[in-house]
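In the two assemblies presented below, chain A is common to both, partnered first by chain B and then by chain C.
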Partner chain A sequence: MKVNIQKEDLLYAVQAVERAVSNKNTLPVLGGILITAKDGLLSFRATDLEMAMECVINGDIVEEGEVAVPGRKFAGITRLLPSANISLASMGREQLLVEYERSQMSVPCFLAEEFPALPQPEGEIHGTIPVKPFRRLVRQVSIAAANDEVRPVFTGILLEISGDKITMVATDTHRLAKGVCAWHGQGEASLIIPCRTLQEIARLAVNEEEEITLTANRNQAYFRLGNLTFTSRVIVGQYPDYKQVLPADNLFCCHSLIHNHRLCNALERASLISRDVTRGKGNIVRLTFEGDKLFLAAEVPDEGTIKEELAAEIQGETLVANYNARYLLEALKVIDDETVCFRLTGSTTPGIIEGASDENKDYLYLVLPVRVNR
Partner chain B sequence: MNSQKIIAHVDVNSAFLSWTAVYRLQILGETLDLRTIPAVIGGDSKTRHGIVLAKSEPAKAMGVQTGEPLYQARKKCPYLQVFPPDYSLYVQASQKLIVLLKEVAPVVEQYSIDEAWIDLSGTQRLYGPPLQAAYQIKNRIRDELGFTVNIGLSNNKILAKIAGDFAKPDLVHTLFPPEIPSKLWPLPVKKMFQVGAASEQKLHAMGIFTIGQLAHANPERLRQALHKHGEVLWRFANGYGEDTLTEQTPLNKGYSNSLTTAKDITNRQDAHHLLLSLCETAAMRMRQDEQSGSCVGVFLRSNDFRHFAQQHQLEQPSDSTIEIYRQACWIFDRLWDGATPLRQLGVSITKVTTTPIRQMRLFIQDDYDRLAKGDTAIDQIRRKFGENALFRACFLQSTTPPLSGGLSKERRTGVTKPVEQDPSLSWD
Partner chain C sequence: MTLKDDLEQWRKKLNEVLEEGDVLHERVADLEKENVLLQERLVNGDKSDGFEAVTKIYDDGYHICPANFGRVRDEECLFCLNFLLHKGKKDV
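And now, the complex of A and B:
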């Protein structure tokens, strides 16, 4: 293989796929980025077997071929190369020569044929999603997904495809986020896609006018966005029936409208006091909804106390509930409306936070309180 | 820091051996004092607890070391007499010691079963100068309780403890700050409190061989090599330490439990049973202390003595036997290859908190309230009718005891009679 490419183009492609480079060294070649030069196109590909990313760009191909460069190292080199024309040439099967200006580097590589092949995108689900609402939705829903691998389905986002809508749901069992965006295509399905895949797509989907093409079957999901392709494992397992835990309208006993940023600021101040109350797991604040006020309080021995009073429009009964401040803050930040609506069903039962704007009309965030003194 | 404080560290010489010896002389009426012959307290080799737990001075003189396998000790000393441990006896003896210390000193802080600090500040008018007081206490213990102790005297706990370790048995040593350069600094670093083999190796690599070199080392460099522990050691080496004793036993930082089995564990079900039995005891202790923990750890030792460990955070603190057990099994299944024979399993629960909080959850079927009620009921029944009054049905056909744990069982229950043991297993 021998190609000529501008540093900026090379950097774009390498940075696009770098995040799919495996951090584990179970299979060394997965630490690589496969560069393929063929038919006038240069493809960069990386995979950790959970997710594969491919970026295809134009390049001046002198000689076709492929090479599997060590991912992190090559990305580091690319970042530091001068802004100039770069020549990449394979020397034998396990060596890449990088030439720039009057200098050169050589890097040992993996055997390209050991790099796993990408499955062909196929599946009964096929359609497109507009980038702008997709990005917004992923940002708003992913906050509720679990990091903990104990229950793998909760590390994913549930995509319910039906009619002209995709409903996305994520939960770590302490809170649940749900939103809807448009879908133009065929098929009906429920897929659990790793949260990380969707976040990577959202990160790279910078052009808000574009559309994302999704093709999926029961095992794999393929996303295409311009010159980028993402292949993702579908998480196997039964996602619990989230509709069952959404409280019926008649269960809400307290409705409140609160100024989002003021509540955020108060929660952040309270977090300074209440953080680490149970060594990183705590961060408990007490909210009291009463009259036309929302009182917020936290007290931790040796750490201090805080009491705040916020104006709020409250209808219904007086309620006191304790929450993990982080769970509230994360929701308030992604809703980013001036006013938020917080509806409660009781002091130990679910509450729902929603934005007041039209843009957020399909988004809801359900949060469960913390019980203090069992 | 109040430099006027006088802290004494009281440490029973060869505790387990001395206590067994005293019991045999005073209660059983034997004439042979184990302390005068090459003797050790050791576990049963058949159940693979065959290590030296305590040794007599004559055994020590022949090179027998605490912690070494019995067969190795026998090689050094062919006529070695081995006696089994009796933890309930030791708890009794320990309690007697603490009662006596509380008679002589206003504040007593027990550090372990055979060690305690006492605060002698302001007792000059009662007992005379500190050194004289220490001798009085040491002799009183010897005369009244029949075993000997070492007493270390200084202005803080660490120096007192180090002093108590100087030469044994039945001696009083001082290590007041002015004595540090002459008495402490020439010693090799491994004599330092809390310097183990790993720290010693790291310190040697830094060119630090004596405690004096440690004291004069750059604390920043020590921190780089040994993290926080490096700084702690530097403080100790320079004689800085806590001088306030707390009567209250400090709250546990964590709870752990391990068992070496008589036969290697080779299947998952046996391993899970053992984990359940370990979790049962650990969680009972936590509930008794009104603590919950949010980090569960599992450690394994293979039959070729390799060590494996992993820990994982619970989503929230728990004191439920079943919750902790489930997490332990999950970790175990990731940790074990399913084939390597295991000789020891352990469970630990750390990041403990007293705040009884519970984040409500969606979807998760097991109702925490129900589990908590069950645990409370089980605890109550066991407290009232004994620990063996109730056990989980899965242990019916199992060789694993329904409750496994260490020394803390006796401490926990204050049992004073010999504990009945399953012949196939013994306390680790």
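And now, the complex of A and C:
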């Protein structure tokens, strides 16, 4: 293989796929990026067997071929190359010669034929999702996904495809986030996609006018966005029936509209007092919804106390509930709206936080108060 | 690649394996604790009715929802609580 490429184009392609390079040492070639030069196109591919990413760009191909460069090292080299024309040439099967300006370096490579082949996109689910709401929803929903690999289904985002809508749901069982966006396509399905895959797609989906094409079957999901392709495994397992934990409309006893930014600031101040006091029990703030005020308080022996009063539009009962401040802050930060709405069902039962704007009308964040002094 | 590089790589790999072993040890200890508790409950029986028994398991810090049944619970769980609220209402 021998190709000529501008540094900026090379950097774009390498950075696009770098996050799929495996960090584990189980199969060394997975630490590589496969560069393929064929039919006038340059393809950059990486996979950790959970997610695969491919970026195809134009390049001046002198000689077709392929080479599997060590991913992290090659990404580091590419970042530091001068802004100039770069020549990449394979030397034998396990060396790559990188030439730039009047300099050159060689990099030992993996055997390209050991790099796993990617499955072809196929499946009964096929359609498109507009980038703008997709990015917003992934950001808003992913906050509720779990990090705990012991329970894989909770590390994913549930995609429920039905009619002209796609619903995204994530929960770590302590809170739940749900959002809906448009879907133009065929098929009905419930797929659990690793949260990391969707976050990577959202990261690279910078053109908000574009659409993401999704093709999926029971085992794999394929996302295409311009010159980028993402292949993801579908997490196997039964997602719990999230609809049963969404409170019925008649259960809400307190509705409150609050200035988002002011509440965020108050919660961050309170977190300084209450954070990580006792593992798993820390960061608790008490919210009192009363009259036209929201009172926020935290009190920890030896750490300090805080009491704040915020203006709020409250309808319904006076209600006092304790919350993990981090759970509230994470939701308020992704909602973005100037005003947020708290709809509460009781001091120990789930409540919903929503944005007040039209853009966020299909998003909700369900959170449980913390029971203290039981 | 020099022998020194080789050794460094093996050292890193060994550390990773040891770290993974620590995580697994902790997980096994947690599971053994849960197992002992659940076995005691089974052997000794519970004098209270079923609903009270699961409420007690939840209050003792364990999940009672199908997705996580018997696992240690460090915070409130939407699915456990939903079960308790609905079952409680039905029993009333």
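By our rule, the second predicted complex is superposed on the first by the 371 of 374 C-alpha atoms of A that agree within 3 Å, B and C clash if a C-alpha of one lies under 4 Å from a C-alpha of the other, contacts with A are read in each partner's own complex, and residues count from 1 in each chain.
Note that a residue touches a chain if its C-beta (ideal position, glycine included) is under 8 Å from a C-beta of that chain, and two chains touch if they have at least 3 such contacts.
Here the structure is a predicted model, which is why all the values come from computation and not from measurement.
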{"item": "Superposed partners chain B and chain C on chain A - clash or fit", "value": "clash"}
{"item": "Which of chain B and chain C A:Val372 touches, first, second, both or neither", "value": "first"}
{"item": "Partner chain(s) touched by A:Lys361 [first = chain B, second = chain C, both, neither]", "value": "neither"}
{"item": "First (chain B), second (chain C), both or neither touched by A:Ile284", "value": "first"}
{"item": "Which superposed partner A:Lys165 touches (first chain B, second chain C, both, neither)", "value": "neither"}
{"item": "Residues on chain A lying within both footprints (that of chain B and that of chain C)", "value": "150, 171, 173-174, 176, 240, 245, 279-280, 324, 349-350, 366, 368-371, 374"}
{"item": "Residues of chain B that touch chain A when the two form their complex", "value": "294, 312-313, 315-317, 327, 330, 351, 353, 355-364, 369, 372"}
{"item": "Footprint of chain A on chain C - complex, ascending", "value": "1, 13, 16, 27, 59, 63, 65-68, 74-82, 85-86"}
{"item": "Touching residues (chain side chain A, partner chain C) in the complex", "value": "25, 108, 150-151, 153-154, 171, 173-176, 238, 240, 244-245, 279-280, 324, 349-350, 366, 368-371, 374"}
{"item": "Contacting residues of chain A [partner chain B, same complex]", "value": "148, 150, 171-174, 176, 240, 245, 277-282, 284, 322, 324, 348-350, 366, 368-374"}
